[in-house]
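Both complexes below contain subunit A, partnered by subunit B and then by subunit C.
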Partner chain A sequence: MTRHLPAWALAAATSAAALMPASLHAAEIEWLQWFAAENTGGFYEELVADFEAQHPDITVKLVTQPFGKVRESIVTDNAIGVGSDVLGLNMPWTTEFLEIGILEPLDDYLARDDNSFETDQLVEAPLGKIDGKTWMVPLNAFPFVMHVNMGLVEQAGFDAPPSSWDALAEQAAAISALGDGTSGLGMPFSSQPPSNGPILTFLPLLYANGGRIMDGTTPDFDNPKVVETLEFLQQLEQSGALAPGAASRTGGVDLEEFIAGRTGFLISPGVHSSSITSRNPELDYTLVRVPSNGAEAYRVHGWEIGISADSDNKEAAWTFVDYLLSPEVNARVAKASNALPGNLAALDTVRADADATLVKQMDILSGDTPVEEMRQSPKAAASWSLMTEELQSMLRGDQTPAEAASAVQARWMDLIQ
Partner chain B sequence: MPTAPVPTPTPDKEDAVTPSFRLPTAAGTPYLFLLPGLVILGALLSVPLYKVVEYSLYDNVIVERNPTFVGLDNYRDILGDPGYWSAGFNTIVFTVGSVIGHMIVGIGLALLVNADIHPRARTFFRSMLVLPWIFTAVVVALNWQLLLNPFGLLNYVLDWLGLITEPLDWLGNPDLAMWSLLVISTWRGYPFIMVSFLSGLQTVPKELYEAAEIDGAGFWHKFWHVTLPQLKPVIFGVALLDLIWTFQLFPLVWLTTGGGPGRATEVLSTLTFRLAFVDFEFARAATVAVSILIISAAFTVLYLRNEARRL
Partner chain C sequence: MTDAAAPRHVVDEERQRRWRQAAIYAALALVTFVMVFPVLWMISVSLKPTTETFSLPPRLLPDDLHWGGYAKVLTDPKFRTFLLNSYLVGLAVTGLSLVIGTLAAFGFSRYRFFGDRVAKLFVITTQMVPTITLLIPYFGVIVFLGLYDTLWGLVLTYLTFSLPYAIIMMNGYLDTIPKDFDEAATIDGCTPLGVLVRVLLPVALPGIISTAVYTFLLAWNEFLFALALTRSMDMRTVPVGISMMVGEFGLKWDEMMAFSVIGSLPVLILFMLVQRFVVSGLAAGGVKG
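This part shows the complex of A and B:
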C-alpha cells in the first residue's frame, strides 16, 4: 500500500502539463479599472462571470481601485513589470502613457473582420490617432453637464434653469443670497489630488464660450476666449455666487454639497446623475447643458479601455475588449453606469428604458460639438495641477484673469520643454 | 613479533579535533538565525534604497526605456530649483512646528493624566487622549477638512462668538494653511509624546517631589527643577525620534492640503510624490528622496548617539 504519491508519477504529471499546448491552458488576464468601485452592486463581477462562461479558456481577474489611484498604479505596475493586461483608461492620460510606452496600439485589432462591433460605430473622441495610431476604445461616454437643484432655483425666484452665462450669474448670486449655507455654484479648485477642478468646471464653461486651450499639441492658454471665461469666474466670485473656499474645495466635496442640497448648480460629468438621484431621491433635481455664451460645445468624457503593451496575453485581452464592445454587452454597461454606450449601435437599446436625465444627455451628445483637449497634452496631470494653482491665485485676487492666463501659458511651455 | 601499537586518541587529541569540528556550527548558528532577517532586510530595504540612489544618477528613468547616466546633474538641477528650496523651508517649518506642538501638548497632557485622581477617571482620560494616534491619516485628514471647511464647525463657532464676519478658508488660504496643518499634525502626533512622558514620569522617585514640597516648592518649581531634569534624556530621545518621523511625513499633508494652496504647504515628501506621479519626473523625484534620506540619516545618527549615551 502506497501512502505517498510516487515521485515518478508526480514528475510525469508535471511534465505532461508542461508539454500541453498553451491553448489548452486557461489564460488569465487582469483588468485594472475603477468602474466597479463606482458600481458597488456587483455588476462588473457578474459581467466577468458571464464572459468566463462564454470563454472557458480565459479567466479575468477584476482589479478594482478608486479612480484617483488607477493612473499611479498603471505607471508603477508597468515600471516593475507586473502591469495588468486590460486597462481602464481616461482620455487625458493618453499622451503621458504613450511616452512611457504603456499602451498597445489597437489599429490591427480594430481592423479585424471578426470583431463583434463596427469600429465606425464607436464614440469617436478616444479613437483619435496620436502618433498615427489608436490607443484606446470607449466603454461608455458622457458629456459634462450642469446639474440643477430646482428647489433652490425656485426659492431664489426663478422658474427655469439658466441657459446663458448672464442667467447663470444672476441665478447663482440669488441662490447664494438665500443664506443658510447655500451657494450658487461650486468651483472645486483644491490642490488635493487629483487637483483637477478646472478641467471639471472651467473647461466646460470655456467650451460653451467657443474657446480652446490647445493648438494641436501646443498649449494656447493666453487667448482672448480663455481670458473672457476667467473674467466670468472672477465676476461670479466677486458677486458672491461661488461657494466660499474654492481653494480647499475638492471635486468630491463639490458633489457631496450638491447632493446634500446646499448648492444650486454643479458642473460635472453627466454620469454623476445616478449618484445624485440614488443618494438623495428627495432632491428636486434636473440636468441641463452647461450655460452657453454663444457656442454649443461640451466637454466629452468617458470610461475608456486599452491593452498593456507588456501583456503576455494580448489575444485574450482583445477577446475581452471585443466582448465589452459588443452592442448587447455595451448596452448593459451603459445602463449600469447611467451613461451613453461607447458603441453607438447600442444606443437604441439604452434609449428604450433610459430615464429623463439620460435622455437629456443623449440630446446634448447628438446636437452639440464634443471637445476633449487634454488627451493631446504631453503632461496632462501636471498641466491641470498648474492651472489649478493659478486659478486659485486669481480667485484670491492676487492676479487678474489676463495675468492668470499668461502665467498658466508660461508654466505649461516650461513643462513641455 | 611485536605488534605495532594501535594509536589511540588521547584526550588531548580529541580536544584538539572536537573544537575544529564544532567551531563552524557553534559560531555559525547565530548567523543562521539571522539569515532570514538579513535576507528580508536586504530585499525590502537595501534593494529599493540602491534603486532610488541609482535612479537619481540617470536621465528620466522609467519614462525613458534606455535612460542615460548623467552623474550628479539631477542634484545640480534640484539644488538650483527654487521649488526645492521652498519645499525645504516648508519642511523645516512643518517639522519644527509639529515637534514643538507635540512636545508642549504631549508633556502637558502627560502631567494631567499622571495626576492622582480616581483610577477609573484616569484610565478613561488616558484611553481617550490616545485616540488620535489610532486613527489613520485618511480619517484624520477627512475629519479636519470637515471641521475647517468654510461651512464647518470651527467657522460656525467663531461666527457665533462674533470673532469673524465671514467664513475663513483655513486650508485654502496661503496665510492660514500651514498653521492649520500644524494644528492637525499636533493633534495627530501628541499621543506618542504623551505616552512616552507618562512612562518617564512614573520612574521619577516620589521622594524628590516630597523633598521639594518640604522646601516649599510649588507646581512650576517642581516641574522645572524635578520633573524636567529627570526626564531630560527621554525628552531629547523622543524629540529626535519625532523629528525623524515628522521630517518625512507624507500622507497627512498630501491628504489634507495636497501641498496647496499654490505650494504653500508643499514639503519635501509631497514634492517627491508630485515629481514622480504627477510630473512623471522619476529621476528628479529620486534625487529629492535621496536628499530626504541624507537628512533623516543625520538625525538618526544623532538619535543613536543619544541612546548609546543613555545606556
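This part shows the complex of A and C:
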C-alpha cells in the first residue's frame, strides 16, 4: 500500500506526527523496584494497569529486581544511561546515590497545590532534607517490633513477653535453657548481603536505649549509649541467650528459625508478622514493642520512592508517584505489604480491615518516636559491613564492647575521609 | 583351600589389591556423597513445608510430602516464561557456537595461514579475563547495539564466552582425526566444506556433543549477565527467576527449591542421555593425535 501513496502525502503525515504536541504522545516511564518480587500475587501489575487506565497518556513499565541487586542495578543503569524514571529506594542508599547524582530533588513537586496528598501527612523519616533538599517520599513504613513465640515464653515459666532489657535477658536465657535446639534470641550478624544484621537488630535495641549512632551527619559510634547496648549484646551472648552461629546467621535464617518455632524472640520489621502467621499458623504468636531500656523509640524502615535526575519524563514520573501516594492507592499498597501506609491519611482505611497484628503495631507505636539514621549516614551500606565485622569480633570475645565501638568509629571515619 | 594352595606373596598381593579397591570405592563414595548431597537436600526442601525446613534434627525425608512449592511454580505463568527463555537462549547459543566454532576450528586444524598461531593464542587468552570485569563494557556494547533487555543480547554475550571454548575443544578433536581422511575425500571430489560436513563431523560427533553440552550448560546456568542485561520479566531466565525468590525479608524456600529442581531437570536429563559422548569427547579433545 505504502508504495502507491504519493510522496507528498507521506511527507505530510510524517511532519504532522513530528509536530504533534508532546501531551498526545504516550509517555513511557519505568519503575525499578523490588516490591513486586516480595509480593508475587500480581498486585503491582494490577496497580500499574489501574494507573494506566486512569492516565491513558502514560504507560508504566514495571522493572523488578531481587532486593539484593537493586542498589547495584540503579548505580549501573545510571552509569550506562539506561536508568529508570521512578526508583524504589532504601533509605540507607541515599548518601551514596546523592554523591553520584542519581536522584532528582522533590521539593518543587511536593510544593504543588494539585497533589493528591498533603506533604505533612507523609511519614516523616524519608522527607528530612539532605543538602537542603528532599530526595524521596515514603510508599509505606515498617516499624521494627519484637515478634514473640508465646509458647516458648510460657514453657520457660513466664506469663507475658518482656518489656524491658532485664526481662528480655532473663526470658531469652530461660528459653535457651529449655534445650531441644531452642534459643532465646537470634542475632543475624552474617556478612552475606542482604543480611544487614546490625541495622536489623542492634539499632532497634540502641534506639530503645535512647542512643544514636550519628551526631547530625557525622558518625558517632563510640558514645556511651552504643557501648552500653553492645555490652547488653555481650551479656546476652555470655548467658547463652543468643542463638548459636550469630556470625553466619542471616536475617532470612533468623526469620525462618522463628517461624519454625526454634527461637523465642525475633527483632525485625513488623511486616514479618504476615509471613509468620501464614507460614506457621500453629505458632502461639504475638508481637510487642522492642524491649526498652528507658526510651520509647523505634527504628522505622520502609519502601521509599524517588525520581531519577536523568529521567526524560519527570512530569509523568511525578504523576505516577502522586498516584501511589494518594490515600486510597497508598492504603491498598500498605495492605498488600502488611505495612503502615506512607501517607498517614490512609491510616484509618488500613485500620478498618487490618489484621490483628497490624492493628497491634499501630497501637504499640502510636506514641513512640520513629528513628531512621541510615538515610543521612555517609557510606551507610559500607558502614554496616564494618559494624558487622567488629560486632562479630566482639561476640567471639576478641574485643570488648568499648573496643568494638571505637574500632567501628575509627574505620567509619577512615571510610569517609 | 585356594589361599592355602597359593604362594604367600600371591595371597599378599591379592589382599593388597582388595584393600586398594576398597579404599578407592570408599573415596569415590565419599566424593559422590559430597556431590550428590546438596542435590538431595534441594529436592528434600522442595517437598517440605517451611516449618520443617529448619527443624532439628534435620531430616532428609519430610513427614508429609508438601507439593505447594511445585504447585505455585508450575501454575505461575511467570515461571514458565523464565523456563522458555532459558531454553531459547541455551539452544541459540549452543547452535551458533557449534556452527561458528566448528568452522573456525576446521580452519585452525586444517590450514596454515598468516597469524594463525597468534589468532589461536588470542582465542585462548579471551578465556583468561575474569568475566565480572567485562560486565560494564558488555553492558555498554549491548545498549549501543539496541539489544538491551532482549534475548538476542544474552545470546550475543554468551557466545563471546562459549565460542573460544567451542573453538579450542573442536580444534583439539579435529586434530585427532588423520588428515588422510581429508585427502581421500578431496581426491574423491569433495570440496573443503564437503570434507568437513561429510567426513570429519560424523567422526567428530562425540566432540560436537560434549561442546554442545558445555555451551548449553553455560547459557542455562549463567546469572550475572542475565540479571544485568535484562529488565523485563518477559526476558528473565531461570537463574534470575530463582534469585527473585530471595526477598528483602525472607526466602520462599519451598518455591525456590521446587523451581531449582525444575530448572535442573533439563540439564540432568540432557547430561544423562549424552554422558557417554561427553566423556569420550572431552578426553579426545584434550589430546593432539
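We take it that the second predicted complex is superposed on the first by the 394 of 417 C-alpha atoms of A that agree within 3 Å, B and C clash if a C-alpha of one lies under 4 Å from a C-alpha of the other, contacts with A are read in each partner's own complex, and residues count from 1 in each chain.
Just so it is clear, a contact is a pair of C-beta atoms (placed from the backbone, for glycine too) under 8 Å apart; a residue touches a chain by one contact, two chains touch by 3 or more.
Just so we're clear, the structure is a prediction, and the values are computed from it rather than from any experiment.
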Partner chain in contact with A:260 - subunit B first, subunit C second, else both or neither: second
Partner chain(s) touched by A:75 [first = subunit B, second = subunit C, both, neither]: first
Partner chain in contact with A:397 - subunit B first, subunit C second, else both or neither: neither
Contacts of A:190 with subunit B and subunit C, given as first, second, both or neither: first
Touched partner set for A:66, first subunit B, second subunit C, both or neither: second
Touched partner set for A:247, first subunit B, second subunit C, both or neither: first
Chain touching more of subunit A, residue-wise (subunit B, subunit C): C
Touched partner set for A:367, first subunit B, second subunit C, both or neither: neither
First (subunit B), second (subunit C), both or neither touched by A:181: both
Set intersection of subunit A contacts, subunit C complex versus subunit B complex: 79, 181, 253, 262
Residue ranges of subunit A in contact with subunit B within the complex: 71-72, 75, 79, 96, 99-101, 181, 190-193, 195, 243-249, 253, 262, 379, 381-382, 385, 388-389, 392-393, 396, 415
Parts of subunit C lying in touch with subunit A, wherever the complex brings them together: 49-57, 76, 78, 135-136, 139-140, 143, 148, 227-228, 231-233, 240, 243-253
Complex contacts: residues of subunit B adjacent to subunit A: 62-63, 65, 145, 148-151, 166-167, 169-174, 254-263, 274, 277-280, 282
In the complex, subunit A residues that touch subunit C: 30, 32, 34, 37-38, 40, 61-69, 73, 76, 79-82, 180-181, 194, 251-253, 255-257, 259-262, 268-269, 271-272, 275, 279-280, 282
